[in-house]
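As written, the chains take the letters A, B, C and D, and residue 1 is the first residue of each chain.
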Amino acid sequence: MENLIALLIAAPLLGAAVLLCGGRRLDAVGHWIGTVLAAASFVVGVVLFADMLGKDPENRAMHQFLFSWIPVGGFQADVAFQLDQLSMTFVLLITGVGSLIHVYSIGYMEHDERRRRFFGYLNLFLAAMLLLVLADNYLLLYVGWEGVGLASYLLIGFWQHKPSAATAAKKAFLVNRVGDVGLSIAIMLMFTTFGTFAFGPVLEATGEATEGKLTAIALMLLLAACGKSAQVPLQSWLGDAMEGPTPVSALIHAATMVTAGVYLIVRSADIFNAAPDAQLVTTVVGAVTLMFGAIVGCAKDDIKKALAGSTMSQIGYMVLAAGLGPIGYVFAIMHLVTHGFFKAGLFLGAGSVMHGMNDEVDMRKYGGLRTYMPITFITFGLGYLAIIGFPGLSGFFSKDKIIEAAFAKGGTEGWILGGVALLGAAITAFYMTRVMLMTFFGEERWRNQPTASPAEPDVEPAAAHHGAAASDHAAAATGEPHPHESPKVMTIPMIVLAVGSVFAGGFFSIGDRFIHWLEPVTDHAHGNPPISAGAVTASTVAVMVIGVGLAWLQYGRRPVPVVAPRGSLLTRAARRDLYQDDFNHVVLVRGGEHLTRSLVYVDHTLVDGVVNGTAAGMGGLSGRLRRVQNGYARSYAVSMFGGAAILIAATLLMRAV
Amino acid sequence: MNPVNYLYLAALLFTIGATGVLIRRNAIVVFMCVELMLNACNLALVAFSRMHGNLDGQIIAFFTMVVAAAEVVVGLAIIVSLFRSRHSASVDDASLMKL
Amino acid sequence: MTQQLAAYTTSTGEAFQFWVLGTVAVIGALCTVFMKRAVHSALCLAGTMIVLAVFYLANGAYFLGIVQIVVYTGAIMMLFLFVVMLVGVTAADSLKETIKGQRWLALLCGLGFGILLVAGIGNAALTEFNGLGQANSGGNVEGLAALIFTDYVFAFELTGALLITAAVGAMVLTHRERTERAKTQRELAEQRVREGKHLPPLPAPGVYARHNAVDIAGLLPDGTPSELTVSKTLRDRGQIRDVSTEALNDLKALEQRAEDRLERTNSGKSGEASK
Amino acid sequence: MSFPLLTATAVLPALGAIATAAVPAARRTAAKWLALIVSLATLVLAAVVLVRFDPDGDRYQLTESHAWIKDFGVRYELGVDGIAVAMIALTALLIPFIILAGWHDADPLETGSKRWRPTQGFFALILLVEAMVIISFEATDVFLFYIFFEAMLIPMYFLIGGFGDRAHEHGEAAASTQRSYAAVKFLLYNLVGGLIMLAAVIGLYVVAGNFSLTQIAEARANGTLDMATSTERWLFLGFFFAFAVKAPLWPLHTWLPNAMQESTAPVAVLITAVVDKVGTFAMLRFCLQLFPEASTWATPAILVLALISIIYGALLAVGQRDIKRLVAYASISHFGFIVLGIFAMTSQGQSGATLYMVNHGISTAALMLVAGFLISRRGSRLIADYGGVQKVAPVLAGTFLIGGLATLSLPGLAPFVSEFLVLVGTFARYPVIGIIATVGIVLAALYTLVLYQRTMTGPVKAEVEGMPDLRVRELVVVAPLIVLLIFLGVYPKPVTDIVNPAVKQTLSDVQKKDPQPEVEASK
């Protein structure tokens, strides 16, 4: 059975290789190859899962050693895999949601001439992501870690001819690189501390290391997690990453890749457990991000960016939970999985809306779409209910547990964290209701509204490619969109995900199934909140209702203006990502530009100048000296004569002395 | 009178000749000045001969004369051919060494 | 006489001779350097050399004294004069210095060098003069011959070789071998036509009958001299006599005389001019 | 006596160079093929060396030793250790690609011209450089090494000064002026370095009495050769200076951007991927073995210089407007990593540095050669003159991206392995320096991606429209390099197996041991 693990990665990797090297002759079948191989990987995952269920919970982990990768002195890196319950959860999520999104993309990218390549990149992503969660040491995890970064880079910048997409892709890669530095330093620290960086030995040896070292390692891991999971302060790339095609946003920037940071923290649980300071920092990062994302999500008019803010916020919950230690790990992962379902569903729904609206993303130009695209409306609505934590749906179970665990942290910290989480839940309900109302309810603001005109340079070009019918092209030309439901190949994945959003949470929670499943890997401790669990649940529901109500007052009762009003100070700040990008731009980009420019100048004038100056000095000196060599024999004779005189004088002087 | 005076005279003549070489541009005059320097040397040699009481100084002076004769022959030939090609006997005109 | 030469001091006669002739020699040397014309320089040098010959004789170098006169003054200086004539007797050098600082440097060096030499001689302990009495006892020429053919025979042979080489060298240097066939008259004519100048023969030099010399440029109708009329060699040497002003003056005088004879007045001429 | 395999490996390209130069003027293509075949034959010989070399055997293998200049104790001594074998393999591997990539770089400007525009010379010079580089890697006699270390400059000078990019924005005359400036700068820098090294070589002879690396190192190790501390330090500095110029290390680097900018892409690859490696290789072989104590003494200063190189080179790469200059500054940054790895004095660092030399050779070759293909299409080196190439020439853009990703050390590609080893090796002994060096990783991503974004993405520029994609010859050049990059990234064990024993011995020369992990140390 162990030998199948490599197959999980091999299938999509093969797909990527074939699709990217295959050339145009595979254009016709490329998307099917990609989808089939993704599905094959899912099937293998299911087989392995079934096998795992049949085993004793304590002995479910499987290992596969392929070959020795980098053996140098005491530095031994192997290509070896480890499949335990935690990895298994991820494998199923990645391959399952991944396969669904492959199917969805067949429809979404139908008219894109580079669809084969798109599927190649998607397969590459799946392979890298699976490598990330299957690696049995941190260095191999690092390979997957950067691999998903690469795939993300390629997919965000898939429409490369748009400068904004190319810039967003670059930004994502760079910000992630900063996080990656954290991971690489963490690995180095592990190597110098433990002499190894394989999961097993490192996590077993945590007791022997000093707390200072462990805190350092944990903080570096947290830095890496911040980069990959878009946590403050490295969150700025996620909003821009929405330049990528929507299936990419759903798969990579909502369901899987961005949650890798949570995986890393939970995987390194033993290290974090031994470093309480680092845990505290983790919870703070999570809390700050969940507020940050939520506030940003409230102000964005771009549907994808609003959802991106929401993603950030939800991952903030997970990181917060992960920072709580054994009382939170399981719930972090559980929220991760349910979030994977409903957020992917929401993004696919958003994609479907855009698909029907000539790739318009501004929600102010939506409205009343529920009658035109009923399936999208229902699936999106179910996802919406799940994310706001409507009782009985997925989000309710997972989020409620996190809030409970936050309170259970105890002391002032517990109250603050719990309060923030609760407030976050209210804001979540507010902004999601806002999205829902602006998109599917209210008046049809797209009437007589030329949406994203094709002349506009940075319009998603998919408008030209996947209008599905010729009439759409005509509509694009006249400007007014004709909302319509998407084809089945797109709606079926949405339906499947909606089902997941509804039932996954309940399924996991009944009988604490998920806790028992993960407990052998992550340890679980039951937290005891200072207030009863029932009270927490009640307040969660209450704030959710308040959030929904406020949103209805704001956007349901009153008509939504087509042009965004100026808004309050907070709104304006939130629209600009709380000025975080401006800060980056002024301090890092501008500063960097000045630095490099002045360095180029320094290199040219100072470093090179010393050399060139020496050369010029020599040249000048020889030029002067050359003038003495005027070519007249007589003047040479003078120097000879003078030289002779000097020689005689010297001789006489020497004799005199 | 001390015969050393001959040496002083020779030194004076030699210096005048040398200065002439440096100052004059006409190759022929320059050449004459060279001859003057040689003659000054000869005078010194003859005086030395007298000083030491042997004839070696005179022998050297004799050789100097012979060599000077050879030098004059070649030198004048050079001047003539230079004049033919450049229509000038100025040493400054033969400045091909100049860059 | 040999006794006297052996003495530390010389006779008064020799001292008198030295001071008088020495002065002459120095003046001659200075004139050699500072005379504008090469001919004058050569003559002055010859004078200096003769003085030196006398000094040789006075110093007991009889053979050298004679050789100095015969070979140096007689032969070598004549060679110089020949060359001077070849290059142009009358051409006077400009003594103006063209190289910046050359003259001052040269004078400075000369002065310094001279002082050093004098200082060196003054410093040397030259108090003992043996005189040539003993060396010349068997005759000066015989003494020299004995040395040349014994101790210095090798140098002597080499000198002979040097002389021969010099002779050959001089011939090689001055001899011009025709490397190509001389152009025929026809070819020369064709070349002139091709170059498009001087198709007719060059004009003759001389102005009227009064200045019928080859170094005088003929005058063009406007009274300016035409260098073309003078031989190329003279032109290159710069030995052209310009008589254009003279000719114009002559013409003016001629006209004046003619007017005087015809009793024309200046007023009439000016009146004519005002027309 | 056995077959002199090492001599043959070096002599074959030298003979090939002569033969290529002797090909008649009109038979230009024949000369190219001859050069290619000779370089491939050299590759075969290098492969034989690789196979015959036993990683676990003696330190120097396949040795040859003949008296040469008896009066000065100069011997013709050759021998290879694992590091040298890796470098020879790299050199022999890259030359065929360089020749193939430069196939048309030295063609006559006007077609049909029979004038001897030096096509033959171009390929002959490349082979000559190969011969000299290979023998530099093989020489175990300091004097012999010195001779070829210096002689290499002559063909390189002509390659830089004589052959530039075909098109140039300021016309051929300006290009020629800049070329000769670059070539002279290259020559002067390296000559100054070489001169100082010559003094040190002579000094070494005065102290040691012979030039044999093995003898001196042995005498140093068992204490029979005692050097005064100051003497050893001066000699070390003399050697190191020359190698630092060639490597090039900040602040002796400014010749590299000029040289790479002005020469054709294959020659630029030759400079940075092959010739410069002699500098870092020589640090490892000569500086550490001959002067172990002085090396330890100088380590802090050198590490700081290397660190400056890494960050400074990367920052300057970000600020460049010229593609080739950008790659040159990136190379300076990478050479900083190599030097860092060597002087970290850990097995990871030095193995990583050796691996880095190999990987950097391949990755720069891939990036630079593709850049060269790009430049030859548009006739401009300026980044701003490109845009949207990805749309018209996707394969070109893809290979360029892979080359760039290799340059930024993406995991899965070969340079990652070496860079990480260098960083880990440095971190183990000097944590602060290791952490600062990681900034270089971020900056590498910045300059690579900025370069890719500005040239390949965005709207298609008018001048770029209709640009042909990679041709078969170009694909033949690039594809194997990329395959190699991926292979060595996934499975670098073949190289590390060869290199590790040699590194171990070098470390024992300087009497250093890897630092123990903390947990074990506390036990």
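One rule holds for everything that comes next: a residue touches a chain if its C-beta (ideal position, glycine included) is under 8 Å from a C-beta of that chain, and two chains touch if they have at least 3 such contacts.
Just so you know, these numbers come straight off a predicted model, no measurement behind them.
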Common touching chains of subunit C and subunit A | B
Across the interfaces B-C and A-B, which one involves more C-beta pairs in contact?
-> B-C
Could you put a whole-Å number on the gap between the CA centroids of subunit B and subunit C?
-> 15
Chain centre separation (subunit C, subunit D; CA means) in Å | 71
Rounded to the nearest whole Å, what is the centre-to-centre distance of subunit B and subunit D, using the mean of the C-alpha atoms as each centre?
-> 65
How many angstrom lie between the CA centroids of subunit A and subunit B, rounded to a whole number?
-> 96
Indicate the residues of subunit B shared as contacts by at least two other chains.
-> 18, 22, 25, 92
By the touch definition above, subunit C meets two or more other chains at residues 99, 102, 105-106, 109-110, 113, 117
Residue numbers on subunit D that touch subunit A, as the complex places them = 185, 188-189, 250-251, 253-254, 312, 315-316, 318-320, 346-348, 351-352, 388, 390-391, 398, 405, 410-412, 416-417, 420-421, 423-424, 427-428, 431, 434-435, 438-439, 441-442, 445-446, 449-450, 453, 456-460, 490-493, 496-497, 500, 503-504, 514-520, 522-523
Could you pull out which subunit B residues touch subunit A in their complex?
-> 18, 21-22, 25, 91-92, 94-99
Could you please specify the touching residues of subunit B with respect to subunit C in the complex?
-> 1-9, 11-20, 22-26, 28-29, 31-33, 35-36, 39, 42-43, 46-47, 49-56, 58-59, 61-63, 65-74, 76-81, 83-84, 87-89, 92
Over in the complex, which subunit A residues touch subunit B? Could you list them?
-> 626, 629-634, 637-638, 641
Any idea which subunit C residues touch subunit A in the complex?
-> 99, 102, 105-106, 109-110, 112-113, 116-117, 119-120, 123
